[in-house]
Each structure stands twice: as structure tokens, then as C-alpha cells.
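The two complexes that follow have subunit A in common; it is paired with subunit B in the first and with subunit C in the second.
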Partner chain A sequence: MNVHIDARVGASHISYLRAKLPHAVLEENWQTPNQVTVTVKLNTLPEAVATLYYGREGWLSVVVCNDERPINDTFGLYYVLSMEGEDRCHVIVHAAVPSSNEEFPSVTPKVPACVWGEREIRDMYGLRPIGLPDERRLVLPDDWPDDLYPLRKDAMDYRLRPPPTSDKENYQFRNDAEGETTVVPLGPLHITSDEPGHFRLFVDGEDIIDADYRMFYVHRGMEKLAETRMGYNEVTFLADRVCGICGYAHSVAYASSIENALGIVVPQRAHAIRSIMLETERLHSHMLNLGLVCQFTGFDSGFMQFFRAREKAMTLAELLTGGRKTYGINLIGGVRRDVLAEQRSRTLALVAELRAEVQRLFEILLATPNFGPRVKGVGILDRKIARDYSPVGPVVRGSGYRRDTRVDHAFAGYGSVDVDINTGDGCDVQSRTMIRAAEIFDSLSLIEQLLDSTPTGPILNEDFVYKPYKFALGFTEAPRGEDIHWSMTGDNQKLYRWRCRASTYANWPVLRYMLRGNTVSDAPLIVGSIDPCYSCCDRMTVVDVRKETSRTIPYKEMERYCRERTDSPLK
Partner chain B sequence: MLKLLKEVFRQGDATVKYPFAPYEVEKDFRGRPEHVAENCIACAACTSACPANALSMETDLAAGTRTWSISYGRCIFCARCEEVCPTQAIRLTTDFELAVANKADLTSQAVFKLADCVCCGEPFAPAKEIAYVTALIEANSGTNGASTGAEKSSEAERRRRLLSTCPACKRANDLQQIAQIAHRQEKNR
Partner chain C sequence: MPTLSQFLIALLQALVLLAVAPLFTGFLRAMRARMHTRCGPSVLQDYRDIVKLLKRQDMQPPAAGFAFRFMPIVMVATLLTITMALPVVTRATPIAGLGDMITVIYLFAVVRFFFSLSGLDSGSSFAGIGASRELTLGVLVEPTLVLSILVAALLAGTTDIGGIGAAISSGHVSSLGAVFLAGVAFAFACYFELGKLPYDMAEAEQELQEGPLTEYSGPSLALLKIAMGLKQLLILAFLFAVFLPFGSATDMGILSVVIGLVVFIIKIAVVALILGVVENSVARARFRLTPRHSWSGLGIASLGFVFYLVGL
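Up next, the complex of A and B:
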């Protein structure tokens, strides 16, 4: 059952674009009633994106590149904008780069949020963004061959591991500090984060003057894997494994991208079940983060208590899906497991228990004298920086912006329930923590609402026709913010292109500004406040540039310093 | 502080006795898949549904066998195999204790005999799959126009023969039949 599209949202944005840039727009196509791809001339791309971004309350979701040479001899660039003012929808600005001239004008000077996306395009496709202020590699390691672009269709097999071209790490960390600073590397790897990263803090005494970091040490090449080895229906299970904490959000985002592209009608009951599971995932993820905040502020008993209570959220997932963490219940067209009457009543009981317990623990946390002063005013994310870089989730909501995909672009079962957006105006670690705590209670009430209003009926629609070269977006609000997937089907029951952007990807670029002006002892707390599943980095090295000495401080010592803030290991 | 102490006393012990006492999981927990070779017809539906390539089929024409195998090291416990299996030969259990001392113990196999084609004598499909399909068609086919018992049994015999013929021989037979029909029409003209 594939649907035909009648209603169209977003025409006002296109007319605005046409009025501002008279000859830029070539054509526009609606993939779904709320998604429009507008093709612009390549040389007007930066103006077109900037016009919609600042002129129509657009936020950058993701930058996608697609090697379309076998189809139309161009590389397709897609700048996905989430329009959150009037006429809410997704506008995808598309421009074609001819294969004869592999460069395009960079959008980053006008819209800073594009910086990571364009750096990644440079790595993965070898297209040169002209005018990009930051031309360092983002995704590829330092020892990767210069002329091998992994995501080009003619480049390489997904199993190829080219021999390293150099033994040296030649990545240049950036330091905008004016005076002399000491380098404090934090990392190199946080083994338990979903993105292990290496942080360089440039400090003057105890104060962080600037910070830079390098990610993608464990890039798994999932997009290439999905495009070459797996069928489109199997990729839902791969998407489940994008993240170890919020994998189900990715699975839903992927499945809905294909459902949107092919116009598949998902049964209402399946939508509701997806939302219930997404909220269950948010529960355990936020409780994990609250536990970590306790730990970082030196309140270890609180950490233990939150993790004990979190076990109930894990039991809830096990009860409803058969898996504690990796739910694996999505297929294209719906879900594979229904919520039965017995499961429903047990879920409601668990939800009630959780609400009472989290309420008690949260009161204890707030009454801890250490907590307030330790998180207030720390890790400030300036509203202007937030607007320029399009961060997502509690990070952007903590700076006062009402951004939540569940409300802005109601997906799955969220159209039929009341979702509150919690915002804070402190712009600091405290705001973000409070938002997460409030969202735990919202999730509990959403699960109850969804269970009450779940319509009966089928949970899976398998009656659809697979069509080649169709593309669309899929999106979810994961615990850390918006997850967005752009998928294009191929002609072989596989994906032609799968672009998967996790929420933390959008939050990393602003971390630099959040670290500036704080003290070294606050660094783990600030990094923890964007919730990058950060729990442990093995050690850090202190380099004193003036004395030319270096010594290694164990992570335990750094963590102790973050908690106690006495006997600085830097002295 | 007092509140915290109260909470700690209220909760009591949070830890469980595992591994010294068994750990109870939910009854629908997705654990180690269990294969019942008696029910399996080696149709390979599970191997094409498996997203992780944990299940595989290998055909050995010389030995006339097809080997089904599962690698518990690759399995992601998604239960797609259970969903697609036509004979309920594979079920997920609630067993989550998968550690082995020897890597080879993570693989489990079942060998099935291939049936020989009634025309050319070459092995072409698992004998159990052919038996399953024959039984299925037999159970579902009506009289199909045939009235007498003799006609019925000859029709059934023809069907059995057809199902036991390999695709290559079927094509050759079809061609011969078409040629005969064409020849007859030529004569009649």
C-alpha cells in the first residue's frame, strides 16, 4: 500500500527563497507532505542555505553527499534544514556538483553549523569545499591514503583496510588563545563513549582558554556496510547498533526514512509502540546521565542509587521487547512485537514505581549541598553560538530554545499525545541536568498516555512495493536530541545511500565554546553534560610547554580532582 | 544525608546471588536460538533472513549433502529466523549463558541429505524439503477434474515425479514436450 501525496507544507519557504534569490531555484519536489527538496544552482548554494537558516528559522540537521555519478553524472549535495518557525517542515537544499569539477562553494562561512558536514564530505567524497575555514580531516585517520575516498561508488570494497601511509599523528589541534598556554591532553580514548575522542585543553594555570578535540577513532564504516552488504530491511538491525544507549531511536529513524521514501503507511498501533519504546529508552538514558552527574560532582552514593533505579527501566525494555538494550523490534512497515494486556499492566506498575523512586532520588540530589554550586554557571553555551551551530536535545533546550523533534515534526505516535518541551535559561550544566530530570517524568507520563490511547489493529504493513532511487528523511528525538537519517533506495534491494547522523554529532562542535573560561576540574563535568555516553577516559598527559616536561596523570586522579577540587594534579 | 540513608535502608540489598543462584529473565527474553534438526527441511529461509550472517547453508554436491550451521558468536538474537521458519525448527530460548572455553563450540551444525533427480540422477534439493512440498501440495490439491481413483493416483504420481525432477531436467522435458506438440500440429495441418 503506497500512498499518493496531496497536502504540501513548506511552499512559503520556497516562495521566500525565490523572492530573495530570484534566479537560484531550479526545481522543487515533495518526498512527503512535510519534506521538500529544492534544487538550487551550485553557485547560489551558500546564500540559499543561509537565507532559509537565518531568514526562516531553519536549523541545520545534516549535510548529505551522494555519489550519483552512475545515475546522472553528478555528486548530490543535500543540506537538510529543519524549519521550526511558521510552516514547520523539512526543507532540503539540493545542489549538483558535476563530476568534471569536483568542488563546491562552502556554506560554512555563512552558516557555521555546516562545518563538520563539509569536512566529512571532503574526507569521504574528495569534493573540495571552496572557502571552508577548517580544512583538516574530520573522519578519516591521519594515516589514510590521500586519494582514497571511501564512500565513492568506485572507490573500494567495504572490507579494504589500506596500509597506513605514515606513522606520525599529524593532526593540528587549534588554539585561539592569545597568550601563552599549557596543553592538557584529555583522552586519548574514552573507551566507553560512543565516540572516543581526544581532547586538548589549552590552559593558563587552572583556566581553560581554549579547547580542541579529535573524534572518530572508532569509525565503523556503517554507511558503507549498509550500502554494500545488507538488504534494506536488515539495515534496521544495523541501525539498532549505531549507539549502545539510544540505538532504538536510530532504528526508528532509519525505518521511517524508508517508509517516507516509499510512501508506506505504518499502522497506528505500530507508531504507538515505537513511541513507547523510544520513551523507555529515554528513561534509562537520562537516568544514566543523572547518575554520572552525581558521580562527577562527587556524590557517589547518588550514582549508585540512580543506577539501581535505572535497572527498572531495563526490565521494562526486556519485558516489552525481549532485549534489555538492543530492542530489534523494527521492520520496514511497522514493529514485530505487540504489547499484550499482561505486559501493559506490568508496564504501568513499573512506571508507577519508577516515578516514586526517581522523585525521591532527585530530591536527595537537589538537597545535596555540593550539587547546586558545582553545576550552576558552569559550561555556559551562549545563545548566539547555539543558534549558529544548531545543537540538539537538552543541550540546546538548556540555552532556552524550544527545539524538540517530537513537537516540531511529530513522528511515530507523538501526534496523538501531549508532549511538553522543557527548556532552561541558565545555558549551563545545571539547566541541562534539570531538563533531563524533568524529561524522565515526561517520559513516564507519555508511556502511560500512549498505553491508554493505543489504537487496536495490525502492527506491521508488509503490503508495499519496493521502488528504486527513492529518497526521504527519517527523524526521531533521541535522549540526546534529534537523530536524522537520509536514505535512498537502490535498484538491488539494497540502499544506494544511507546517511545517519547521531545527535551528539550536532553537539560536539559547540563543546569548544562551552569549555572556554571554565577550570580544568570542570572539564569532565562539561563534557558529561552533553551526555556523550562519556564515563571514563583512561588517562591524561600534562605537557608543560615552558618547562618542556610531560607527565601522565591517571584518570582516577583527574576524576578525584573533579569531585574534590583540592590538591590539583597540575601543580 | 538522612534522606539518603533512609532510602538506602528502604531498598535493602540490590544485588542478586547470580551466578550462585539462577538469574530469572522475562519469559519472552530473546536468548540463544535452538535448532531442532528433525523439524528442519533445509529450505534456507532463515539464512536469507538473518541480518548478521550467523546462519549459513553450504551445499556439497559431491557428497550429496547440505550443511546448515549457526555461529553463536555472530548471532544478534533478533529472532528473524524464528519468524520466517515454515516448520518451527528454530526457536529462541531464554538462555543467555553463551560463554565457551573453545571457539569451535560456538558453532553448531546439521547435515541434510540431498535427493537425486529422477531423470538425471544428480543431487539437487534436500530430500526433506521435497517431501515437505509434496505433502503440502497433496494435502491442498482437490480432485482437479480427475474423477476415477486410477486417474487420481496417476495424477499424484505425475506430480511426485515432477517435484523430484531437477530444474535443468524440467526445462529439458518442457522443451521436448513443446517440440512434440509443435510436431503434432505440423502433422495435423
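Up next, the complex of A and C:
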């Protein structure tokens, strides 16, 4: 954001790239003063990304593909790097894949963090990453036709459900264990996860030697939906629904991506209100996770108590937004609802209550017998692995890296307040849990600071026009880490491309390394310690997973059966 | 040979305990809810669950064999045998020859053996891990159990449970310190046997999806639920009969039997209260670290044995 700052930050990265790889850079294009897209030659793409990633302290945020054939007859590849050393900014490495040759050199061998992004491009656009070590499907189900690439502009209508091509589950799980191992399946439905994800643990006795997993069981087709049938402002509300916990972070990220692309100046008061809402969201999300950590370690009393206290955070959201969740508040250009004086004073009172309550519960949790040994030294995320895979949020901060979008790329109202970054060096479940606990207290004081210093003025800027084919990034620090959105406007009052990357998407690839060397009984705890959001990552394709039978039961029939409980349609 | 009346009393005791076992677990559940600041289910909820399960279909994994199929029946039958042997309301054992401590301890071992066997037999990896944990726990806890009760038996000069209880309650034992230490060690071992947090590793819900119970459904699961409740009641009754026999009926008069019954209920209620507080204020222990906990039990039992040897 920060469109009012005129000096361009990050030019040094471009000159570094030009010096290291002469002749690679074709052009540079600034979206905002601290967001630059550099176009490089396709064959130098891996070198260029790796140079910025390891040479200039870049972290990979997201890999975006865009079907630009109707515009310039190429597929656009965008590797978004968050530069967190000197000159903090976003550098987007762009390369064009000609439509005549649908392949590109894979970056993954040089920068492992790209692996999920490139697998997804292969699924969704049918571009082949040459040299990608893992060529399995990531997003599409096993029974999806081989030559149908859902996000290509000419591929399919968003309502199409292609007939299943196979009735077998043929996903190959990877096991790098040397000796003989037993397979312990965890999920797709498991007692400690409320959303579907399938984990295969390869164990020797009770020790996990290796692990592999697949997600994306619950696609909702959001990106396709947004691109084909929603207006710009409707997508703000769709983005709320990306996640059931941290949806507001997505809607801020989306709205700011459009604001950045079109150069819309958002009023300062709207910025502050967005930050207040984001901190409210972080409060209840972290309290949920602390409760879940209690549950995973068998301390159900703590789980219930944290959930009871969390209700206060929901009341806080209700005070500020009128709903129990911080949804439906954003518009492009600002927010829809102001914080009035009375709400302000009641919020401050509630914040004080919450602080006392959480403090007490947290002390109880730390004093609970067996809790320490359960979380200490469990689920180690090695610092080297963390550097290679670019995880985000408390997961990477737990391994000692100071990564926090609120500080690295101050957005919304965070430029005007002091944000602490909490890090831990245990690299284990304990340090991640402690970071979340500390962040609850930080959020409480941030809400106080923001309420005390809210600038006056309008809350919405509607004085702008949409221009076609403008693109930019929007980003927020959600409770689980950085959310990043890449949006490109279209010429028909709809988005041309919307890439929404939830924070958990960046954290899944490292989970495998965190599981290795622990016991089966710690697996749910370790999975829980990345505070996973399964469905947030699953947002792309509408999939019919009913494989056994070709008969489709109409939704109305299921609904009727739910009400009446007679004549089961499944029999 | 037991007389017919002895046999009938034993049978009556077994059936009554079987019938109230879900009430006991239901009470623990209600207490747990209170500790969580939840409204929670009524104390009769476990009866409703069991009735519901009895109506459901009994499913089996394809890999399972006869051990899996028969385990619930074997478990209930063995536990009922123990029930007939243990003094509950009375001080003496209902069937004299059966109420021997060695018999009872080994009958409990039979239960454990079949429970683990069914887990291995089900073919489910979670059940298998639960089974191996159950056996490991047995290895860790049984020495404490045997050693502590051995101290009491040596002091009382008999291995009959009723006899030991009578000797302890009348004060005819030479070494009070040894009895106390043995009692503490025995209670500690019993806590492991109860399968309550923090030591419910074998049936840990979040870790192992309830271990050997994973694959059971319908009537078999109902039987197992009753059996698990009954096992907990019996372990407590065992503890009361040997180390806390105070108040139980010494003769078969109506009054003393009623007093014995009331005292037994009070003891159970007090223990349930303590259990509720303990299990709701701890996190589950790491299975790897359990031996450290169980060793302290064996330490106390050994100390009791030393006290017995020196006659303290």
C-alpha cells in the first residue's frame, strides 16, 4: 500500500539482478512505489528467481499463472517474492510462456518453495514445468480428465462437472524411508481435524519415518467463480468466505490488490478500522488454536475454557461489525461501517476483560502437568527447511525468522502503530504456541492503540474508475501468516484473474519435515501447530467426488432427507 | 464348594454391579462437563448410548478374525467372574475359593490380553498401536500391583482378599508403615489401570482414535462400553476390599449389609470426585515418558516391602 510515498523502494534489487544476470531482464514495471514486476526471458526464469531469493533475502509468496492468450498470446508466469532484507518491497518476476510451446523451466530445483505453485500451474493451465521433481497432481482429483485445464479461459464453464474418468484412487504417496515401514492413514476424516485432509504416515513402531499428504478435497471453485460471474465489489464478500476463521484478512488483501492496481487512495480512517478488525480476527483465531492445542494434548478442560473466553472476542467482533465474525465490512476504496464513540468505549472495556481472562487461562495452561513435555521438542521445523520453503506466520517465526507482513510491508493502519514481532528459537510446537499466546496480548494492545489514535475523516473513497488489465498485489498478515492476492482487472467489469493464496498454503509443504522423527500420537498435535486451514487452500475447481456411482442425488433430495429422515436417497 | 446361597449372592452382586456400571461412568462424564463449564449430559446418558448402540449394526473389518469377534464377550464374562470373587458390600469374599488375590490379578491380566489381542486382530494400525501400548502399560504397572498386594498378603498371612481386608481393618498387622506404603503404591497402580487421563494412552481419543476400540461398532461396542465401566468399578472395589475395607458388612445381617452398601457408595463417590479433579486438570502424558511415572509406583511398593522386612 503506502501509495502516498513517492520514492520507489527496491530499485536496488533490480540493479542487482541486472548485474548478476546481464541480458535477462527485459523490462520493469512499477505497480506501486514498492511493488515492481520485472519481465525476464523465459529460459533465465529459474536463475532470476533464485538470485533474488537467496541473494537478496527474498521469500516466495506465491506463484501465479495467468492465461493472457486473448491479450498477447502468452501465458504469464508471476513469481511473487517478498524482499525482507534491505529495501523491503515486493518483486514479481514475470516470464511469458508462448502459447505455441506449453512448457517452462521449473524453478523448484533451485527454489524448493515453488513446488506447490508449479504443481498447481500444471493442473490448472496444463503448462509443463520441465525439471519439476514432483509431477503428481496437486489440486485436481484422480478422476479428472487429463486434458481439461479448468482455469484456461477457453476451457470450461464454471458450472461444468466433467464425468469421472476413473473409479480408482491412483494418487501415489511418497515414502523416502530407507527401511521397512507400516502405513498409518490419518484422515481424510479424522477425529481431531474438522476438515478433510489425507495424511499417510510411514511408521516404524510408533516413530514416523516419513509422511505424505494430499489436500484439496473440498474445492469451491472460487477463483473461477470470481473471474466468470462476479463484479469487483462482490468478490470482496466472496473473499470473506475463503476462510471461516480468518476471512477478513482475505477481503482486505483482495481489496488492497485492486486499490494498488488502480492507485486508489484509501482514507486513513478506513485503514485504521481495517487494522482493528484484523486484530480482532487474530484474537479469536489464536484463542481457537490455543484451545485446540489443549485438546490435542488431552487437556479438554483447557480447550473448553479457551473456547469460553473466546466468546468474548466474538462479542468484540459483534460490537464492531454487527455480526459475530468480522465479515462484510470491506469495499474497494474503504470500509462500510464506522467505529462510533460508544462502540469505542465498550470495545476498550472488553479488551481489558479479555486481557485478564486470557492471562489467567494462559498461566493455568503453563502450569498444567504434562503439558510442557507434550509440546517441547515436538514437530521441529529446521531453520534450513524453513528458509527453503518460505512458510509464513507463527510457523516461520517459531523457527526464529522475523517475518511479519505487518512490519515488513506495513499495510492498512499498521504504519502508525508499533508492532512487535514475536519469535521463538525452539523451532517446535512449544515455540509456535508461545508465539500465538504472545500475539494475543499484542493484538489487544494494538486494538487499544488503534482506537486511541484513529484519524478522523471519511471511511470510503468512491472516486475512481476501473481500468482494464491493471494488476497488483494485495497482502495482509492473517493469524496464520501472510495472505497474498494477485488481481488483474478485466474489460467487462469482472476480474480477469484473481489468485488468492491463503497462509496455510505456504505452510503445508514443510509439514512433512516437521512430522519426521516424531511419534504417531504427536501427529495431530504437529498438524494442529501449523493451525491449518484446509478449505482455505481449496478454492479452485468445482469437483464431483462421488466416484462409486454415476447417479447424482439432487441437492433438494438431500435437503429433504435431512429434514424428514425417511426414504434415504442413498439406499 | 460354595453353597447355593453363596453362589446366588455372588451372582446378584455381579448383576447389580454390571447394571450400575454405566451409571458410574455417566457420573464421571457429568462431573467432567462441570469442570469444563459445560451443562453436559445427564448421568443416565451412558444408558441411552448403550441402548442406541445395541440397535445398530455390528460391523467388522474384513481382516478381523475370531479374537476380534469374541473379545467383548470374553471381556464381560471375565469381569463378571471377578465381580463374583471380590468383596464389595461384605468384608468376606462371596465365593471363598475364588477371592484369591493371585486369581483376581490374573483374571485382570486375561482381560488385558484379550483387549490387546482384539486390537492386533482388527488389522487397523491405530488399534494395533493401542494394543501394544496396552501391553506395555501392563508390563509397567503389574509389578507394582503384585508387589504391593504381596506385602499386604504377607502381613495378613493369607492371599484371600477378604482375609487381607479383615486383617487390615482389625489392626492385626504388625507393620502399619508397610501397609500404608503398599496401599499408596496399590492406589497408584490402580489409577493406571483405570485408563484415565493422563494415562489413557491405549484408548487415547485424539492420538489413536480410541485404540483397540476403533473398529468396534453396534452391540459389540455397547458391551465394551459397559465392560470398561465395570472394569473401573472393579478396580476401585479391589482397592477398597484390600486396603480400605472399613465400613463393609462383617456379617450378613440386613443392617450391616445396608451400612456396607451406603459406605461403598460414599467411597466410590469420593474417589470419583478425586478422579474428576485429577483427570481434568492434566494433559495426557507422553507415552515415551510413562515409565518414569510408573517407576515411582514400583519404588513406593519396594519401600513398603522393605518396611515389611524390617517390621516398621
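Assorted remarks:
Throughout what follows, the second predicted complex is superposed on the first by the 518 of 571 C-alpha atoms of A that agree within 3 Å, B and C clash if a C-alpha of one lies under 4 Å from a C-alpha of the other, contacts with A are read in each partner's own complex, and residues count from 1 in each chain.
Just so it is clear, a contact is a pair of C-beta atoms (placed from the backbone, for glycine too) under 8 Å apart; a residue touches a chain by one contact, two chains touch by 3 or more.
None of the values given here were measured: they were computed from a predicted structure.
One of subunit B and subunit C touches more residues of subunit A, and that partner is C.
Shared-chain residue A:Glu363: touches subunit B; no touch with subunit C. Contacts of A:Pro373 after superposition: subunit C is touched, whereas subunit B is not reached.
Look at A:Ala95: by the touch rule set out above, it reaches neither subunit B nor subunit C. Looking at the shared chain after the overlay, A:Arg308 reaches both subunit B and subunit C. In the superposition on chain A, contact is made by A:Thr519 with subunit C only, not with subunit B. Using the contact criterion defined above for the overlaid structures, shared-chain residue A:Val184 touches subunit C, although it does not reach subunit B. Of the two partner chains, neither subunit B nor subunit C is touched by A:Ala253.
Of the two partner chains placed around the shared chain by superposition, subunit B is the only one that A:Gly328 touches, whereas subunit C remains out of contact. In the superposition on the C-alpha atoms of chain A, the part of subunit A touched by subunit B in one complex and by subunit C in the other spans residues 301-302, 305, 308. Here subunit B touches subunit A in the complex through residues 3-4, 7-8, 11, 14, 25-26, 28-30, 51-52, 76-80, 83, 92, going by the rule given at the top. If you check the complex, the residues on subunit A that touch subunit C are 182-185, 190-192, 203, 206, 294-305, 308, 368-371, 373-374, 519-522, 524. In the complex of the two chains, the subunit A residues touching subunit B come out as 230, 234, 237-238, 241, 301-302, 305, 308, 311, 315, 318-319, 321-323, 326, 328, 336-337, 360-361, 363-364, 367. Subunit C meets subunit A in the complex at residues 32, 35-38, 125-126, 129, 197-198, 200-201, 204-209, 280-289.
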